[in-house]
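First chain written, first letter: the chains are A, B, C and D, and each begins at residue 1.
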Amino acid sequence: MDISQYKHKYQIKVRNYEIDWQGIVHNGNYLLYFEVARVNYFKDTGMEIDERSISGNTKIVVARNELDYFNPATYDDLLDIYTRITAINNSSIRCEAEMVLTEKNIPIAKCITIHVWVDPVSNKPVPVPNYYRKKIQEFEEGRAAILWPSVEV
Amino acid sequence: MDISQYKHKYQIKVRNYEIDWQGIVHNGNYLLYFEVARVNYFKDTGMEIDERSISGNTKIVVARNELDYFNPATYDDLLDIYTRITAINNSSIRCEAEMVLTEKNIPIAKCITIHVWVDPVSNKPVPVPNYYRKKIQEFEEGRAAILWPSVEV
Amino acid sequence: MDISQYKHKYQIKVRNYEIDWQGIVHNGNYLLYFEVARVNYFKDTGMEIDERSISGNTKIVVARNELDYFNPATYDDLLDIYTRITAINNSSIRCEAEMVLTEKNIPIAKCITIHVWVDPVSNKPVPVPNYYRKKIQEFEEGRAAILWPSVEV
Amino acid sequence: MDISQYKHKYQIKVRNYEIDWQGIVHNGNYLLYFEVARVNYFKDTGMEIDERSISGNTKIVVARNELDYFNPATYDDLLDIYTRITAINNSSIRCEAEMVLTEKNIPIAKCITIHVWVDPVSNKPVPVPNYYRKKIQEFEEGRAAILWPSVEV
């Protein structure tokens, strides 16, 4: 896994009750781990998206999750999760994240998540404010493909 | 959503603790709902894959999950989950599933899952036995793209 | 188990991902099952406590949970959960519930839960409104020990 | 809370998806946190009970959980969990644990758990081996009430 593209890292430790009947982390838990890391990315980059995925009077919803599983994690494993925003379009952002076994660099899983900014009442998409575009351009130093709307939002 | 392609339906009811801070079902729970339906599909089609995803001396692992979220479900919602196997390759099967709000036919989410048959010791892929290919060809009545190996497995 | 004291029954089905490494339902899930049944008890008795445990401008919090485990439940088991309020004091209610394997009447677990009515801002206990006392006296037909405050609340 | 009785401490961080509809940690998660700490206590005291709660050819099951909730924890809170075994009887051990908000010493919850040693086939209680009694007497330096069987087990 090429983690050189990532500036943000978050560490998580597997808990005993996350292990399933096969003796490995249940496949649903990786989605949760990636989310924990992503919420921290939002916080650390100053995006001011709170834990409810509410930003001002806009709601941010998950529109898509793509997960690839490479190797199973198991009890007490320490996992490094690398997260970045790779694109901002009109109303959506694209996050990519990779998970490796700490210190051993064994790839565990990869996750691509699409978030959409919606009006909390109508649930219709609204533009991602330019404020976030600037924050991410700054943080990702040009590695993110950011669409700049012709009209200020 | 076109559910005419599906022969298998499983119903699930949203439980109160599955609701998140936004007042809707947390995005990770849909993955779990789809899995519950899929395990029942395996059972109902006679695939003899147990709840641990063990089949004889072969382990079946999840290699990929793709989830698209259309509308949020909320507390006490009754959900219909339609599941089918759309392809069987050498060592993998591809499941597709769609979730709608019962009776209202509102699309909630879609999930594509790739399972791989692996040796429980080496974790290397092994061929999906022909036994399953026959079961699925029968159940899906030609709607699944099944690769038949030249050598009997 | 003596279930003759109960008027309210709720059924739940064990889902595959609730099974732990020992091959049985993880001990934390029974707490969740009992809660699902209790939320339905509140609804069915007309207590108008919503899924967030908010009732009008009062918050209802869990102050204590006591769980006894008798026999393990496992995958696909159908469970009958019997719930009742056994006491209402000044600011708290006491719920008791028993879980048995459907049709086989094998005792699975018992749960006693204490809920407290609190002010949502100060988090200080407030009296349970008489409205609920009446509802429960009616529904439980005298089986609940209800303290009636001298002042109307 | 008097934490001077405890020698074992484990730290846990609240994850965003553990927050419920009221904006606080769901009451079922504290049970899980206490379990994570307890499994670590077993490991750190050399009790050789694995993550499946299997010890040699004996299965260790949870017979009772008592939880008292004092103050709610919320997103990103760091929690200190203090765990100790307070008694070993013939076939059971009693664990007590207290959870406080790290650095602020605000009490969050308390948990008492009874574990029973059972035969994995018959599920009947079997004596806790003396090996564990010695380990705990040593670790707890006389603070645990240990029953010593007259016959060597």
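The rule is short, and it goes like this: contacts are C-beta pairs under 8 Å (C-beta built on N, C-alpha and C of every residue); 3 or more make two chains touch, one makes a residue touch a chain.
Just so we're clear, the structure is a prediction, and the values are computed from it rather than from any experiment.
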Remotest chain, chain B as reference, centres from CA atoms: D
Selected interface, A-D versus B-D, where C-beta contact pairs are more numerous: A-D
Length of the line joining the C-alpha centres of chain A and chain B, rounded to whole Å: 25
Separation of mean Cα positions, chain D and chain B [Å, integer]: 37
Whole-Å separation of chain centres (CA-atom averages), chain A against chain D: 33
Multi-partner residues of chain C (at least 2 other chains): 16-17, 19-21, 23, 28, 32, 35, 51-52
Interfacial residue positions of chain D with respect to chain A in the complex: 15-17, 19, 23, 32, 35-36, 39, 51-52, 75-76
Complex contact set, residues of chain B against chain D: 16-17, 19-21, 23, 26, 28
Of all residues in chain B, those that touch chain A in their complex: 20-22, 27-28, 31-32, 35, 51-54, 59, 61-69, 72
